[in-house]
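Dumping the structure here so I can ask a few things about it.
Labels A, B, C and D are assigned to the chains in the order they are written; within every chain, residues are numbered from 1.
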Amino acid sequence: MEDITVVFDEAVAPEDRTAPVLIEGLPGIGHVGKLVAEHMIQELGAVKIAEIHSIYFPPQVLIGENGVVRLCNNELYRCSGEKGAFLFLIGDFQSTSNEGHYLLSQVYVDIAHKLGVKRIYTIGGYGVGHFIETPRVITAVNKESLSQLVIEAGGVFGDGEPGGGIIGAAGLMLGLSAPLEIEGICLMGETSGYLVDPKSAALVLEVLTRLIGISIDPANLKERAGEMEVAVQRLLEQEKKSEEELSYIG
Amino acid sequence: MEDITVVFDEAVAPEDRTAPVLIEGLPGIGHVGKLVAEHMIQELGAVKIAEIHSIYFPPQVLIGENGVVRLCNNELYRCSGEKGAFLFLIGDFQSTSNEGHYLLSQVYVDIAHKLGVKRIYTIGGYGVGHFIETPRVITAVNKESLSQLVIEAGGVFGDGEPGGGIIGAAGLMLGLSAPLEIEGICLMGETSGYLVDPKSAALVLEVLTRLIGISIDPANLKERAGEMEVAVQRLLEQEKKSEEELSYIG
Amino acid sequence: MEDITVVFDEAVAPEDRTAPVLIEGLPGIGHVGKLVAEHMIQELGAVKIAEIHSIYFPPQVLIGENGVVRLCNNELYRCSGEKGAFLFLIGDFQSTSNEGHYLLSQVYVDIAHKLGVKRIYTIGGYGVGHFIETPRVITAVNKESLSQLVIEAGGVFGDGEPGGGIIGAAGLMLGLSAPLEIEGICLMGETSGYLVDPKSAALVLEVLTRLIGISIDPANLKERAGEMEVAVQRLLEQEKKSEEELSYIG
Amino acid sequence: MEDITVVFDEAVAPEDRTAPVLIEGLPGIGHVGKLVAEHMIQELGAVKIAEIHSIYFPPQVLIGENGVVRLCNNELYRCSGEKGAFLFLIGDFQSTSNEGHYLLSQVYVDIAHKLGVKRIYTIGGYGVGHFIETPRVITAVNKESLSQLVIEAGGVFGDGEPGGGIIGAAGLMLGLSAPLEIEGICLMGETSGYLVDPKSAALVLEVLTRLIGISIDPANLKERAGEMEVAVQRLLEQEKKSEEELSYIG
């Protein structure tokens, strides 16, 4: 097994894999990024074009309908319409190791580069640890000239927030794409951090759609968040149990 | 030392290593898989044909009779009879690291593939955390067409159980064997998770033997479980001590 | 992504990269080394000539002015004047893994070797766990003949202090540079270990400047320490949060 | 830097490096092995012939006389006399990772093999967690035919002790040397595990010298144990501090 494997759906022609924009919504604080990206995939009818497997993901399979398992993975979706094509990077998990975060993020930006991506949006939550009445969309960029754009779309630059850094793929993809001349914008919805947060996701969606010039109905976000909360809680319980199990079997 | 080494017993001719079915019973929750597999090996008179060593196993040797040590390992057994040949994968431990779980499981399915295996059964326990009067055999498959088969044999698909995933080799071997066109079925006996559980093992054995079309007397399972419990407790105590020791010497 | 990448500023000619002396001030106890090295860089007007990225650093980006992110890194600065040229190695973090500490330190001394460095000064704090009225500058060397030199400059050899070892780059660079015939001197300012410590830094600066034969005004050290304390606290909070986050998203 | 480096003293001719017997006394429970091996090296006037460095050791240097540092390492000593030549493997630490234990132990037995070693003695302590009036010397072997020999020399085979395994180099070297046709005997002196234990060491020394056919005065063991206890306590304190430090700087 390669450390990281990317398998494209061969039924999708190479010219139907490219796009100028990639939106990353991997799991993270409040699952804001995941919620926004999966909502967009659903609303825009994006289709899966590639799967990414890695030894840096948790060593487990996930059980779907009818008891059919699949390796946990990250996936690339794509849609194309009037406003051009979009790629989406979503998935079950991020890396379980520090080194894996770097190696996976490098693969993500390399894929983006090969598929003609000129701008990456990474989406996440910014956990503040308490319920927040009017969440802001904190932003970061990998090139100064992008700042104005983001502020006009409703993002704000936290004065030194998030306290010095962005962890995981949402941050590393911005840093690693700069040398490839890919523009990077990170949008983080403020959230308590405890639950899947549709309110924060709706605000991020608003800023993001303004930036990419399309409009998406946020109506189903709340319902989707409820379903995701159930799935997330299950995974967390499983993870806790699996740590015990691994310490037991390992 | 290679990261993972597979050494076949050269006394066993290549044609006496193959089989269409592999049954995995590595250590795990309630040691259900290990108990079932070792019981079958004993009852069917299977013989060891290969040993697997790895730097991903705990860094220790085990002491056998007369104080003779051996590296901890995983082993491949094989038996052959009227109903065809069977391979068994058993062992002392699973990987100590996340990455090792993937790399070892890949080696296991690659071996299976080379030895002509068309179907892998992975066996484990499904820990529920409390004593259970009438344990079920929860199942998962790597191909939808296998579902009907498993249900007819007495397995059940837990509605979203085990809560989203199967950890370690039992799960990964199902996921990793699919691309090799090997069918995979996982049978998990419900168990408290605290002790080696012969009752749960007997139920799994029942479903499994129905699936592979042979019959095996479960009579000795209880006694075997008692012996295994002693050995497992010893290993657990040792492991606890070795963590302290390693932190002390390392 | 390479495990460790060193990128020199191409605008700096190869002959403007060399120096006989390298001063290391990576983060550590009391941030004494970082404070001394950054102060010297500022006062001497040293300019950045190279950046070092690595998968052994924490998997995050740092947010600068206007929300522009950068990968966390280590950096090489250089200045040149009457008393010759000096290289400085500073950075955001040290390695997150034991193995990474060795691999990064080896890269640091290899760079030094290529750039003509004949002597390395590593600077750190020696945490004593309580406030200390008159801190000493504890020293260590990688060659016995250096001892006299260091004592004349005001350093002291702790009788068996620091209790048997120097952790991280400050220690490893001394050990790894010896086979390359590079002299190594470590200066550790006694400090409580709880806060960025300008008093300890001023004493280390005094010994160091005496050793390298230049004079540097310590006046701004206190102010600089205050600013650094704010930044360090932010990073520490972030790190704490990121551990929770990583355990959550990973 | 190589992951593991072995450097022989070039002043020692190849024919003065060989020996039929290697005695391993790396740090471990009660430092029994280290105490026995260092005592023998001293009493027999063995000289250092090689140093082993590795990224799997703790990332630190140790400070010796006059503040001169050295990388922590493992070392090979050799002496030769009437009863033939002996090699000794001692050192500051064992591996900090599971995988490193395997990789280092493989290097140790490969060196032994190249130097003509036919038998390896690994020495350790067997921690029982309480003060013990008359400690036994528990033994293990890598070949059944060695058992009788060891019992005649005063060793005992613990009935299932140590509870299923021997951790670290003392165990792995036995397991890994078997395929190279090197005989392996492990001698573990029962000890509380809390302190460097000269009483336990004296008993192990008695059994070991009987096995190798030489006689060594145990008189200085007690004094040596006292000195070692001081050094060990220092390292342990340092280690505790360095964990805090590393979490702080890393």
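The rule is simple: a contact is a pair of C-beta atoms (placed from the backbone, for glycine too) under 8 Å apart; a residue touches a chain by one contact, two chains touch by 3 or more.
Values in this document were obtained by computation on a predicted structure and should not be read as measured data.
Farthest from chain B in terms of Cα centroid separation is C. Mostly differing positions are employed by chain B and chain D in their mutual contact, as under half of the interface residue numbers are shared between these two copies. In the CA-based superposition of chain A onto chain C, the rotation angle is 90 degrees, rounded to steps of 5.
Here the CA centre of chain C is 36 Å from the CA centre of chain D.
The centroid of the Cα atoms in chain B and the matching centroid in chain C are 50 Å apart. Shared interface positions of chain B, i.e. residues touching 2 or more other chains, are given as 58, 96. Every pair of chains in contact is given here: A-B, A-C, B-D, C-D.
Taken together, the chain A residues at the contact with chain B in this complex read 1, 3, 55-56, 58-63, 66-72, 96-97, 231, 234-235, 237-238, 241-242, 245-246, 248-250. Listing the residues of chain D that touch chain B in their complex gives 26-29, 58, 93-96, 98-99, 101-103, 105-106, 127, 139-144, 147, 150, 157-158, 160-168, 171-172, 174-176, 184, 186.
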